[in-house]
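Several structures are given next for inspection.
One chain, chain A, appears in both complexes that follow, with chain B as partner in the first and chain C in the second.
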Partner chain A sequence: MRIRTVALLIILFGMLVVLSLTYAQNAPEASEKGKQVYENSCAHCHGVEGRGDGSAAENLLPKPRDFTRGLYKIRSTETGQLPTDQDLFDIITEGMPGSSMPPWETALSANDRWEVTAYIKTFYDGFKEAETPPKQISLSGKVANSEQSVETGKALYSELGCVECHGNIGRGDGTSAPDLTDEWGDQSWPANLTQGWNFRGGSDTEDIFKRFVGGLAGSAMPAFEGDSFPGFGLTAEESSRMIELDNKDEMTEAEEEESAQLYEKYDAAVDIALNLAEGTELSAEEKQIYDDAMKVVYEKSWHLANYVKSLMPEKRPEPAIGNNVLRSQYVQGELPEMDDAAWGTLEASYFPLVGQVVIEPRQFNPTVDAVNVKSYYSDTEVAFLFIWDDRTHTTDETDEETGKILEDALAVQFPVKVPQGPTAPKPYFLWGGRLPVYLWHWKASAPEQVTELTAKGISNAEVQEAQGELKAQGTYTEGQYKLWVKRALKTDDKKDLQLDPGVFVPIAFSAWDGANGDVDTKRVMTSWYTFVLEPVPSSKRFVYPPLIALLSVGFLFGLRAFVQRRNSEEV
Partner chain B sequence: MKSYLLASLTILLVCCYVGTVFAADSDAGDMEMLVFPENYKAMAVNDGGTISGVVKFEGDVPEKKALEITKDEKVCGADEKFDESLVVGEGNALKNTIVYLIDISAGKDFDKDAKVEIDQKGCKFTPHIQIVPIGARLTMLNSDKIMHNVHIFSKINKPVNKAQPKARRKMPLKAVKKAEGPVEVKCDVHGWMSAWISYVPHPYFAVTNEKGEFTLENVPAGEYKLGYWHEACGTNSKAPVAVTVEAAGTVTQDFTLKLK
Partner chain C sequence: MKKLSLFTICLIILVGSWVFLRFVVGGIISVPIPGSVIAMYMGLIVIAILVHISVEDSLFREFRRPILETLVDDKRRLHRRVLVVLIPLLLLGYTYLIIAQRANPPGSPRDAHPSPPLELTYKDEVIGTMQDVVNPFRHYEKDDPEAFKAHVENGKRVYHQNCFYCHGDHLDGQGHFAPYLQPLPANFQDPGIIPNFQESFFFWRIAKGGPGLPAAGGPWDSAMPVWEDTLTKDEIWDVILFLSDYTGYQPRTFGEAH
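Showing the complex of A and B:
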């Protein structure tokens, strides 16, 4: 009997040692190697001392993380807890989309990534001082995605207040969005929940769950952990009854009594949750109450995660090249107006935007992801619908630094003359050069007006003297701009682009988000893409295959020509 | 051997340099903070004395800054709100100054019945300055029935950023273990909301009222350093005032503060 107890103790002890070792051995001890990796690959952003003040930091937003505070956004751990080593290793491996933090999966070996993980932990003493491993968020009890679950999650989305920052349908345009700052006082835009590919920590349902349960430490995004849920410790019915009673202007005596009882139960559960968080052992009975309460909260949280997941497409749309080239569809007679249901049936072509970083002032921190485009044409006219997300509707704000007027805007760029043949040079993509470009310029302050420009360089654009008969209509709703433009296929103006079915026409875009300081060359843009007035169906069979072949060849040549052109123009 | 010496010297120099940089940094930070005794012991105090006084503002009183209410107009904009970083009353009385004993090592215990609460009402934190005993839970009330989030910018303790959904009327927060303060409390949802809390190891802290008055009661007889902190006027941590408290006696110590 004694021997068995001793043996049991030894086994238990052994298990403990193994357990603690597995934790401690996640990342190696900080070494010279880790320091070296850090100084070669990370210090120019994160600073030699890990304060986030490397030489490249100045222009970046979000700023490279200051590691001395131990604040990490992407954790598998509860709020107020440090990340696990695996969390750090993973984020270093995968990078943080939507920010300048690069993925290091290919540039550094797994070993180097572990070494540097250990090294960055030395910037914050809390890692050393921690007596217990950080507490991880439990992912058990996952609720499968279903229409019903999404519906329940949707109600929670507004009940819990996600809507305040992320907006009614998640485009990051909540009423609090423009005023959010992070721990260091820098602007902190709420994520656009319809663009999962820009999430820092991935957009799987589990990722989403962990983000709002644990919060993103150091950002404005709060944690929605267990006891912050209304009615913690109550059943769903009790919880809604409590809220119902709370909202009554006057209660009867019986209702007062009922409310007090609910509050008592709820206060007791919250008390238990806090005791646990403060490190107090719970009795078996308390543990039961806590577990039951958390079960309800976690179930709700999975519904919410399912809802957020339902807001985004499965993956980032493919850019408008190859099979996804923008093809204007032929219709007979009148082209659809802006609100016509006909637009709904068309797939949009997706044109990702990037910050303009060639010419001062540059934009290193773009906020507009992409512009989506649809188009119809008739025998005489062409109509486009341009759609892009912008968290704020800015029509005239004065930039504090430069005194310039900031406003949201879009420009659509074409060559004045379509290059004849696949090898013919296109104008320089930054608004032309020796070869001019023809532009449509729209501003949020004049939503019914598109101005035609001719440009021979990004700072060399002129408003055309003869403004053609362009029709335009622009709207802003729920964090999204829609711009409808209609023009005749042919005009009398030599400075205008003339359009013919079946001809591949270069097209490019620039967008400005006033609230992000975009003005003049500081903007987001694309390089050249292609669009075509899709030939009418009868001739389609004959034109299509050779065109595709031509396009592919043309694309390659075009690319080469573009590179040559760019090189020669930059001299 | 020579290179060895040279290397050591370099390292030493670098260390000194880094040392001064750190010292300079932490100095600047400490100036803004309260100073706490290392070990405080609670004990029964008999015949304690009282320190009281009035804090006044010196200088041109800046015009009250109205806060811009950018959302939830109905709840938040019902009355006009002003920036509370400097509240100067009649006769230049300075509200919201913390006056406290810097170097007390033993004295009375906390008043266990005192409510440690901050209410969020009309999208404003009340009070603007709250003293929180370490080990006690700060309870956030939400009288607004709209969403708030409690964002506490601690640096020594873990920062808190916790949602307080609209139906969450009363939300106690986990107690902290380390003395720290003042740290700012903000609501990101309503960016203008701001308050300050201090996690303190002993109860000899007072916050001045509208008339600029403060009182520290039941102080064991002895000599103390009396400190203050004000959001806009700074601290006297570098040169605190010496006061002598006699058994059951009353000392008066007034302060006149300028913008920092």
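Showing the complex of A and C:
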């Protein structure tokens, strides 16, 4: 009995400890322990003094955070506010997807993560000087996701100028995308809003809302002050009426009057916001106007968050590994051309790309996330559709350092000869070695052309003598490349790969983003994956199963007859 | 309660064992068991049942009685009718699934830690035999802790400028490029890695990279670079010191000969 009581007490105590750790809102006082954890696990990127200048920082983009400025991108707090302790703790715990900040949840105990949170705060005096806790963004007015909310958000997306950086449909391909820098002067690529898995602070609607309302401090993403909203101080109907009137070529007298009234209301509200920002006390009436205006702004921000959420798939696609290989589907007759609706019905295989960090010059900060591939084949030919996102359309930029021409490109790699059996050697995954690879090399400057190469190493590729066996068509629209390629299954060229249905063929990819400085070995790539011309299912599947079923019926009746005869003989 | 017939008991044992292996052991308790292993266990159980029922004539008769009854007895007409439909249908479905199954690519059997060569080299320079070479800076650990610390610090720098993209900040093989590489980068926090190999082995793996693996290691797949092309000998030894210092695991050593 006593043992049981003790055990119960221990369990209760354990639960209490877990609960207190989970719900702790504030970090402990900075301690020697925090410093030790920091120097052991964080300083190599963030620097011993927290300036974001550790030994690894040089090769990283986004750069590791400089803690001495107190600027934090991922916060639950309003514009201009410091993050809460919980915000910092969460980032350490969960990491920042799409960057080199890993999740520390398993590597560091919760206690260590709290200690390090406290230590990080010592790099910026503002944390100590702050008299009141940072003001958190209220999530209470959440607008549920609906078709209408998404539509409203979409209109706001262009009204607020999001397109300039994030592009018309959110692929991060806006006109100013390549020129953005952060507070420290480093390149700051706008998010591709269709790839939620790369959102540093998570891609839930609430996360998006917080990023939008609070801003990503230090980055090129502005914080949306209420008065930067078109029609600040107006109701939703009034502001859309104002825009409608603005867009009219000619207004009647009554309309001019109406427009002037709306502008007056708008200007008054903006003035109040400016006064507030300067620290002026507001009158009760002004405060009411301001609060009402902010309510509309928050509601609009939810619409915008709902719209951004609608741009991305629910989760990152599964990579085409294991049995989930790229399967080319058989069609009779002509293969679909590039714009054929047949491509739409086919699910793409997803090949995530990583930086080429094996051979100098290396690419540590890839900008192309993945290439999606679809394929059909007929009795004589095979066609592929390669789809990948790239924020910029680069065809002939000159690299300032090397003088080399930078341009966007894609290469598809096969072995020249398919290895026979699972243990047979493959060519080296980086463009071959002792065993050669067969390559299709496409460049954005010549979108109708694919060059066939034979390579025995990443810097040892030869253009094949016989060209013109491939038909190609490439397009760039809204931050996305599409490349359609067609080739005969069999060619006369001995240096080409010959294709047969049912044979599993190794396949790999390389991609270059000219605007990211990709050229030659500096590129993104994959290791070997697998591709197969999926054989048409055998018609035997309609013959043998019924046959076996019939035989089994015959066997059962035979058995019964046998037993009956034996029984009667025994009798 | 009616006593269960021997046949029913055997059937329950058979089906129960399969469910237990497939869903309880290979699901609730542990990771799924490969089909071939389940088939082997099931084969053993079938043999055990056959042995049991063939020990005595009476047991065998008892076992087959329900089968014979189902085949001919008028009392069992309903059972018979259900089975004569069910058995062929199940066979039909099963054969269809087998024939229509789409082919999957062959797995690539790969030796993650293949045998090293007899001689350790850096570029073309022979350092010594794999068995005898030791880390030239290891002795500082006892002789000169300050110098040792400097070497570990340098190893840390080398690691974070070259290795952590794949092997991770925490040396756990979970760098930000790791999830999309095949094979996965080595996890140095795994207690089965560092303590099992000599430092000369790590030198060999780092210096020669993926392309230096013997055929059994799948040298064509590994994204591990040939570091002797970019790192000096000393840098490689330093990074090895860092690996064991950070993880707390000591590489394997062989005692000095007396």
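The criterion applied here is as follows: the second predicted complex is superposed on the first by the 455 of 571 C-alpha atoms of A that agree within 3 Å, B and C clash if a C-alpha of one lies under 4 Å from a C-alpha of the other, contacts with A are read in each partner's own complex, and residues count from 1 in each chain.
The rule is simple: contacts are C-beta pairs under 8 Å (C-beta built on N, C-alpha and C of every residue); 3 or more make two chains touch, one makes a residue touch a chain.
What you are looking at is a predicted structure, and each value in this text was computed from that prediction instead of being measured.
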Partner chain(s) touched by A:Thr423 [first = chain B, second = chain C, both, neither]: second
Touching partner for A:Trp528 - first (chain B), second (chain C), both, neither: second
Broader residue contact with chain A after superposition on the shared chain, chain B or chain C: C
Which of chain B and chain C A:Pro222 touches, first, second, both or neither: first
First (chain B), second (chain C), both or neither touched by A:Ser176: first
Partner chain(s) touched by A:Glu337 [first = chain B, second = chain C, both, neither]: neither
Set intersection of chain A contacts, chain C complex versus chain B complex: none
Of chain A, residues touching chain B in the complex: 69, 71, 79-80, 159-161, 164-165, 175-176, 178-181, 183, 215, 217-225, 227-231, 242-243, 246-247, 267, 270-271, 274, 277-278
Complex contacts: residues of chain C adjacent to chain A: 68, 71-72, 80, 83-84, 87-89, 91-93, 95-96, 99-100, 102-109, 156-157, 159-161, 164-166, 168-170, 172, 174-177, 179-182, 209-211, 215, 218-221, 223-225, 230, 246
Residues on chain B engaged by chain A in the complex (per definition of touch): 70-72, 137, 145, 147, 149-151, 153, 155, 158-175, 188-191
Interfacial residue positions of chain A with respect to chain C in the complex: 40-41, 44-45, 54-56, 58-59, 99-100, 102, 104, 106-107, 319, 321, 323, 325, 327, 352-355, 357-360, 364, 421-423, 425-429, 433, 435, 502, 504, 526-528, 530, 532, 534-535, 537-538, 540-541, 544-546, 548-550, 552-553, 556-557, 559-560, 563-564, 567
